[in-house]
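Heads up, the next two complexes both have chain A, just with different partners, chain B and then chain C.
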Partner chain A sequence: MNKVMSNIWMITLYILPALLLLLVLIYIPLGLSAYYGFLEWDGIGNMKFIGLDNFITGIQDMKFWSSVYHSFLLALFSALSLLAYLAISLILASNIKGSDILRKIYLIPMLLSSVAIAQLWIKVYNPTNGMLNSFLMAIGIDDPPAWLAEPSLVLYAIFIPILWQYAGFYILIYYAALKNIPAALVEAARMDGASPWQVAFNIKLPLIKGVFKVTIVLAIVGSLKYFDLIYVMTGGGPNGASEVMASYMYKVAFRSYDFGYGSAIGFLLLIITLMVTFIVRKLTVSDEEELQY
Partner chain B sequence: MQRVGYVVLYVILIIIAIVQIFPLFWLFLFSLKDNQQIFAKSPFSLPDHPHWENYLKAWQGNIGIYFFNSVWISAVAIVLTVLFASMATFAITRMKWKLSKLVLGLFMVGLMIPLHSALIPLFKLYLSVDLIDNPISVVLSYTAFHLPVTMMILLGFYYTLPKEIEEAAIMDGCSVNLLFARIILPMTTSVLSTTVIINMIYNWNEFVFVNTFISSDQYKTLTVGIQNFIGQYQTDWGPIGATLIISIVPIIILYIFFSNKIVEGMSASAIKG
Partner chain C sequence: MKKLKALSLLLALTLAAAGCGSSNQAEKDPAGSGGTKTIKFMHLWPEGTNAPQNKILNEIIADFERENPGIKIEQEILANEQYKDKIKVLSASNQLPDVGMAWPGGWLQPYVEGNKIASFDDVIDRDYRNKFVDGTIEAFEVDGKTYGLPTDLNIAIVYYNKRIFEQNGLNVPTTYDEFLHVISTLTNNGITPIALGNQERWTGSLWYMYLADRISGNETIVNAVNRKQSFEDPTLIRAAEEIQRLVDLGAFQKGYNGATSSEAESLFTSGQAAMYLTGTWVLPSFTQGENFTQEFKDSVDYFKFPTVEGGKGDINSFVGGNGGLFVSEHSTVKEEAKRFVKYFTEKFGERALGEAGIIPSYKLNADDYDLPELYLKVLKDLNDASSITLFADNIMTPGPAQVHLDMIQSLFGKEATPEEFVKAHEEALAKEAGE
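Moving on to the complex of A and B:
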């Protein structure tokens, strides 16, 4: 038994295809993005080593920092929106009839491609014929803004479809966690005269704390990686007002053909994401819950 | 009093449900309108008569080709992802070797990595082996980047498989390959179907790899293709709506038939166990 299942050739045969793909297409490129960051390179021609220049450019580049700021703002909004999703899940999980079908309806936007969502919401936000402004004009607001063309509004306007898209996903997770709470616990509290609020705050929420922490990491790290939706909806505009880290990197590399600087930004994106992941997990995950992933 | 509260909460839940599906309903409405109705009448009005020709117009672009590419690229990537992930999960959970924990860790860290950080080097890598504007680059990228989440879903299941079964099989002289192909894989069909469906959704909706690696129309998938199509028909809302509906319908049909699997896969992809 032991001999067969610890045969080195067999192990290699089974692990190698996946491991090779992982190393060659994910880990090595990640390492290379740091290396390319030291180069001056237009993607086709010669690569010239220029030391830390790209990284210094990055540190001085206000456009880069504003994209970082926008990414963090979206991460903050996403983390805060979890509270709303949690509240909805609490209602949904309290023996509501039809909760199963409701939660399946909530999940529908999550199944769509970001491109489709972006194109749909471009139409929703259309200044004259869109769903939103038509509605606002119908209720008497005469001059509703052109949401996606307004630098001061665009980031919020982009966040709404994100909220819409992910609602079902987080509600699903919280719902499952809430349903996992032993009914006897809730029953016992009720018998002792606890109100529904007390049951929610003193029994249910503490019991799903672990799941909540995991979703905070998911929401924050996920937001730092946003690309498709923003790329399609605004391309980072108007005038960089909705630029995020990934879209800025993409623009520098594949639109301005500055692959060296693009790689440096890509590498900074990696470092920032990993650092934030680490910090958020340190702040939220206690020792016994370590390795929950 | 409690009854009133219950009704209020119920109404909130139903309003949220409407918010979640109304934009899609509105999309369907304008996919059946012509420009005159769209620009002259209320966006909430029903089409005078359904303009199905919008769908014809959408289909006459390259949507047919994009659709076909989405199907086969997704399918090939799914087969590779699920097969390789199963093999790797089998090796990690059932076989005995020193580095298994470390390798598992490598896969799990892969869950957190922003793919955009790897994009430029990947582009350069494919360029150097002449795979740019070749769908193989997309298939390989889908497979590699979806291995971690697929393995995460599989892991929980593999840990629960009883050791006795494989012990008995090995005692009877069954080889590792037979054990994997004939005994383990069939036992995991339920969780395998979950991973297939989750990968289907991911691959069908993927955008950035195709947008970066593919330039010819003949290899583009739906997400990138509709993006081009819409660029050409900017003011023609009807065909744009029709195109979006065409890209959405397969996923919705999948959801109608496999909603439980999708729900299960979505939660498993987020939180282990």
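Moving on to the complex of A and C:
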């Protein structure tokens, strides 16, 4: 076995299929889109090389920066919501009655497609006939806001379905991690007289720290490139109040027919996401782990 | 073990499902085999939501295939936005379908400039041209060549609920002042005057285009787009001010800037709003659709957009636009495809109204048809039309059109002043023209 693995040809052979797929599907398009970023191109006709102009436009484009701001807000919310997911998982994993069925209930939104979720919540948020406002009016609030039409509220309104959509996914991960903690450890702590709180904070949480760090990266990167639900629910509106980086990129490339600038935005999105990932990793890596790298 | 079995069963099912998917693809890929030529036709009239169109389309295709042995038409059906995106991606790699749906003006221009679609000048003659409503073929002209042949024709009209008008003692407004009176009466009586789905922005654009037309005449915006004058015209500012006046009066339902057009439509069709401005494409469903109550069908009517005192536009001018078909320049069956498009547009023109209730760009005699009253009224108004101003996103190229649509939402949301609104247009148009 060792002999096979030290043969350079064998290594190449084993790596090749995955590498080819990655190259063709990810890295080559990535390089191309970076290249398109240097062009003035409507996506249909002639290409013209214009150097860094698109990137300079991007840096000066207030609409782009406001979409970056919205993306970062979403990332922040998502990271914070992980705490809620974690709390729920801790409860579920402590063998309460019906934890099995509850876990499945939390998982259901994950099975729905984003478009279905978006349609569902458009109905919920309907300002006159929607479930939410009907409820608010029933309890005596005369003039509940039109959630998706208020520039100051729309981003928060969109975040609720996102929170709901991803609950199942993260709860599943935390639940699995918590279930992996050897029962002996927890029992030993209990024997020593640890309260449930102490068990949770001093035994369980430190043991799933690694998983938690991974989910932070997942949540932040995921929200930075978030697109589908927002696109269906508001199309980035009203007046760009819910525009995120990915939806702005789409709009520029496919609606304004400015493929060059759209590609440049896509590339900026990549760089921003990479930088944030790097920073988050740096911040969450502890000393002992650093030794392993 | 049991779980493992269940899991493998699930996996097998998934694979089977995936298999089904791919076998379908294989079936419809016999291009060119056995001496038959295949024309790929991409359109957006699915059986589900556009049943009558879909039926006519299939019958015309069947007729064409019968009359032209050896030619097969292969369809791909998409939704509107999807279609536009896919066409764009395909064109970048020169893989446009042989025949597809086209829109005039700003949509068409990049494809023509990129030499992606073919001109029809070699297949159409004066006879053919005379069969269509003036301006509908011309809408597809770029630099004197025709790049699309027209199918349907749509104008925007203000639909209103007769019952609500009667209950509030209102008459159909013919002037803008009367229109404002209608709005204030309705709001005073606690009724939403107008349903508007401005999340999609083109819906609000219709209101602006009409006001601009009535105040400024039908040339101003076109001239501004063609850079013969500035968009920062006092009359265009006035039109924007009127939009915000309507907003201030509470003319639109709550949350109009976040509502989709289908939400707005259901507000109107369920009698919760009194008026709704949209295209004649809703006529089939408003008169015969199974989704609406008879009560609604009996109470729906429309009026022409009112004139504004002192404005230059007249009441018989409409905002509208027509669709059509294009043929790919790089098609391997270009001649056959052009023949098909010519055949299709004529047959569609002859049959669309009678069989599907779609108003074609084809000249018709309304008396020949046994149609709901609403239709006859529209056809008559179309015959009397003094001019048709194209939809904004048909006049402008995609870049400025997006600025227009974005600014529409800001204008309606009062996040931009009328001055800022026209200034943004002027800047976008000037940039596009390379000034």
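Assume the second predicted complex is superposed on the first by the 264 of 293 C-alpha atoms of A that agree within 3 Å, B and C clash if a C-alpha of one lies under 4 Å from a C-alpha of the other, contacts with A are read in each partner's own complex, and residues count from 1 in each chain.
Here, a contact is a pair of C-beta atoms (placed from the backbone, for glycine too) under 8 Å apart; a residue touches a chain by one contact, two chains touch by 3 or more.
These figures come from a predicted structure and were not determined experimentally.
With both complexes brought onto chain A, simultaneous placement of chain B and chain C is prevented by a clash.
Once the two complexes are laid over each other on the shared chain, residue contacts for A:F169 go to chain B alone; chain C is not touched. Of the two partner chains placed around the shared chain by superposition, neither chain B nor chain C is touched by A:N202.
Which of chain B and chain C touches more residues of chain A is settled by the count: it is B. When both complexes are overlaid on chain A, the residue A:P238 reaches chain C alone and has no touch with chain B. In the superposed model, A:L270 makes contact with chain B only, not with chain C. In the superposed model, A:I26 lies in contact with chain B only, and not with chain C.
In the superposed pair of complexes, A:N180 makes contact with neither chain B nor chain C. In the overlay built on the shared chain, the residue A:P151 is in contact with chain C alone; chain B does not reach it. The superposed model shows chain B running into chain C at a single listed stretch; among 128-136, 146-154, 164-172 or 200-208 it is 128-136. Shared contact residues on chain A (touching chain B in one structure, chain C in the other): 43, 128, 254, 259. Contacts from chain C toward chain A in the complex involve residues 84-85, 88-89, 91-92, 110-111, 113-116, 198-201, 253-260, 263, 267, 272, 397-399, 401-402, 406, 409-410, 413, 415-416.
The touching residues of chain A, when paired with chain C in their complex, are 42-46, 122, 125-128, 146-151, 154, 234-235, 237-240, 251, 254-259.
Across the interface of their complex, chain B is touched by residues 1-2, 4-8, 10-11, 13-15, 17-19, 21-30, 32-33, 36, 43, 88, 91-92, 96, 102-116, 119-121, 123-124, 128-131, 134, 138, 164, 167-169, 172-173, 176, 211, 214-215, 218, 221, 224-225, 227-228, 231-232, 245-246, 249-250, 253-254, 259, 262-263, 266-267, 269-270, 273-274, 277, 292-293 of chain A.
Residues 9-10, 12-14, 16-17, 19-21, 23-24, 26-27, 30, 38-39, 42-44, 83-85, 87-88, 90-92, 94-97, 103, 106-108, 110-125, 140-141, 143-145, 147-148, 151, 166-167, 170-171, 175-176, 180, 201, 204-208, 212, 222-224, 226-227, 230, 237, 240-241, 244, 247-248, 251-252, 255, 259, 262-263, 266-267, 270-272 of chain B are the ones touching chain A in the complex.
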